[in-house]
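Multiple structures follow.
One chain, chain A, appears in both complexes that follow, with chain B as partner in the first and chain C in the second.
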Partner chain A sequence: MKVELEADKCVASGQCVLAAMDVFDQDDDGIAILLEEQVGDDRLDDVKEAIAVCPAAAIRLVEQ
Partner chain B sequence: MADTLAGPVPEAPDSPPEFPMAREARCPFDPPPALKDLQAKTPLAKVRLWDGSEPWLVTRYADQRAILGDPRVSADTDSPGYPTKASPEGGEGKLSFIMMDDPEHARLRRMVTAPFAVKKVEALRPAVQRIVDDLIDGMLSRPGPVDLVEEFALPIPSLVICELLGVPYDDHALFQENTKTMVRTTATPEQRGVATREMAGYLAGQIAKRLAEPKDDLLSSIAGRVTAGEIDHQQATEMALLLLIAGHETTANMIALGTLALLQNPDQLALLRDSDDPKFVAGAVEELLRYLHITHLGRRRAVTEDVEIAGQVVRAGEGVIMANEIANRDPAVFPDPDRLDLTRDARRHVAFGFGVHQCLGQPLARMELQVVYGTLYKRIPTLTLACALEDVRFKNDAFIYGVHELPVSW
Partner chain C sequence: MRRIVVVGASAAGLAAAETLRREGYDGTLTLVGDEPLALYDRPPLSKQILAAEWEPERLALRTPDALAALNLDLRLGVAATGLEPADRTVELAHGSALPYDGLVIATGVRPRRLPGEGAHILRTLDDALTLRKRLTPGRRLVVVGAGFLGAEAAAVAWRLGCEVTLLEPAPVPLAHAVGMEVGKVLTNAHLERGVKLRCGVTVTEVTEDGVRLADGEVIEADEVLVAVGSLPNTEWLAGSGLTVGDGVVCDEYCAAAPNVYAAGDVARWYNPLFGTSMRIEHRTTAAEQGMAAARNLLRPEAGKPFAPVPYFWSDQYDMKIQAYGYLRGHDEVALVEGDLAERKFVAAYRTGDRVTGALAVGMPPKAIRQWRQAIATGAAWHDSVRTTVTAVES
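Right after this comes the complex of A and B.
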């Protein structure tokens, strides 16, 4: 699965970093950045949690 | 007919209930029973506010999240239909970006997000641990009882936000007193106006100093935006005021109210005291945030374009209130919601709100609470309430719920 992030929408809440630390990080202004675009099954649950808690609906998972 | 005699006019049966509603004195941690009843009965109900206005109350978790994430609602207190919490504070203007909409909200908010990023906050953890340990040492060096609010809960976030902003903690009496007035619902508009002006004047002075001589703190970086022409001095002051107030009142109340809730639930307190697992402590903090919902007056918005909520059209110009305290007790999302259960996964709570206005300081608040809850009960395992529960004064008269004092001994 591929993770997509719309940085324009991000409100720098840091929730995605807490949910999936090896997939998301934040830049110098706190705006989310993707560390990895492709996630395997092992991290799918964490990414789904990040999507559920992201207040700005800035994260999506797309089938490939 | 007997009921036409003198006396209070009986309420029309379809008159909306007053909001906020009263809590049950015996269950100070639970939402008002009438609010819970409303949630069970209907997803959307009209309520009546202090000024006679009748906004909609959104009772359920999924609907609240949908509305808070919807760009057709406004957080601008000047929008027609906005349900205000109390009379305006004497023309002091807006509390910066929390009362604005995008794109201006996003522009201003992004100016101050940097220090609240998760990793920057993590770097502060040892300093917060030191603050917490020192305050506990201070309490233990005396015989007790002590007021946990005054001696512990309030100084922690106060010291941390002062450090972050660069405000001298020595001035804390000034801003702690004024903050108290600003968040008291029973304060008159004049009293709130005086407190707000005093705080704004103080912070404007601090910013003026940074304009002349920048340092390595958040006030200096806000002042830098003034120098760059991105905001004016007034906007900079409002921003600083917002951060100082938000940094104080919320975390302090979570520390004191959380401690009281744990003392009333000794089995849960024991779990926290006996665990060395930072993940468990982090999860416990989420559950306490869910369970305690200290922002008890709801998140408020004005509808700017017709929207559908739970199958019903809410019109532009109407107000909506999302009572997050009952969203966090929605049985559809949190099974057995009225039970404090530190082992549950509570991460999806809306204690910090939802949507673009979700709390900016949440990584900092989480870290502070993790250090506190992970330290206090281990260091003072015999901590007890030093008065009867009935004698604890709860903050039903403030914008943020909590306790006025918490006498404890050990």
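Right after this comes the complex of A and C.
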């Protein structure tokens, strides 16, 4: 699956980093950065958790 | 369990529904929402939507595809009107009844109002769009209540060229939530820009040409926004046997009764991390609690206490405010990094002998992350706050 991040919606809460630290990081302004676009099944649950807790609904999973 | 009903189609309800599917529940899943247009996000209402930076489409919590994949029995524009736990049914407006094996209550809150007609409130997309049409340059806006919502709206209205007056009953806005000194610092952001602030005043009524104060004075305004807190939507639970007291009262698993869970703004649950019952109106808690309630509903035998570190943020002018923990009722506030006057700082909050909260303004995220960790682990205050810049009386 591919992760999509709409960075201009991001509110810098960092919740995605807490949920999936190896997939997301934050820049100096706190805006989320995608470390990995492609995630395997082993990371799906964490990414879905990040999507669920993102207060800005800025993350999506796209089927390929 | 073959029939689960989630009442409330906003962040908490959606998170519950998604989690149920993710955890393998494949029975009937009904999602009930009283707004015809639901599944949209609320925090931008007082920010980007009010400022007309975003159009409503951007608020969608999920894409149509993602929603369709949940295979929901979606009932929008219909309110739940009653609950019969003995029969396991939820009653809907128009008289129909929904049977359930499991129920998640996520009916949220509504704004408190004041006597009199014509004031704006700010909770739904409709509310925000109605107010934003009125915020034209030179327009006089009175905001009743200088809490986070009122302050955000005031900041947007100022930027749009309105003449803004904030009215607040407390001596210092937000002092009860963030402490006296931090409250003053946040308040200064308004004063510096010429937003008028009157503290210690009680508004008794909205009038045709403004608002009336307790002493009879009328403050004239073209538009009035009432932002004086909210009330949990629990009336529909009257007679259900559930305990209601400023929210649906739940245990640490978010359970209100067997097979009945609550999540989001409406839920008052026991948070074992802080050893107290709380009702949190934060966007992130809504999502986290929706997930927790769904998991515990599906697997009560493997139930996990819901013990989050609450998080909220607020955008006002050029300030980004972020806070972790449970700041209410704190005993002490300490400035642990930065400078209050520059509005770049981290403040830590002590309750008893523990770190229970942290609030940052204008700081990089890493500056506050360690404090979140301290709160999550119940770190002792004297171990964590060694480098206090200035102790701040609160």
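Points worth noting:
By definition in this document, the second predicted complex is superposed on the first by the 64 of 64 C-alpha atoms of A that agree within 3 Å, B and C clash if a C-alpha of one lies under 4 Å from a C-alpha of the other, contacts with A are read in each partner's own complex, and residues count from 1 in each chain.
In this text, a contact is a pair of C-beta atoms (placed from the backbone, for glycine too) under 8 Å apart; a residue touches a chain by one contact, two chains touch by 3 or more.
Model, not experiment: these values are computed from the prediction.
After overlaying the two complexes on the shared chain, residue contacts for A:13 are found with chain B and with chain C alike. In the superposition on chain A, no contact is made by A:33 with either chain B or chain C. Shared-chain residue A:48: touches chain C; no touch with chain B. With the contact threshold set out at the top, residues 11-15, 18, 26, 28-30, 49, 52-53, 55-57 of chain A are in contact with chain B in one structure and with chain C in the other.
Residues 15, 18-19, 22, 41, 43-44, 58-63, 66, 283-284, 287-288, 290-291, 311, 313, 315, 320, 322, 364-366, 369, 372 of chain C touch chain A in their complex. Chain A makes touch with chain C in their complex at residues 9, 11-15, 18, 26, 28-30, 45, 48-49, 52-57, 60-61.
Put simply, chain A touches chain B in their complex at residues 11-15, 17-19, 25-26, 28-31, 49, 52-53, 55-57.
Of all residues in chain B, those touching chain A in their complex are 68-69, 106, 109-110, 113-114, 116-121, 347-348, 352-360, 362-363, 366.
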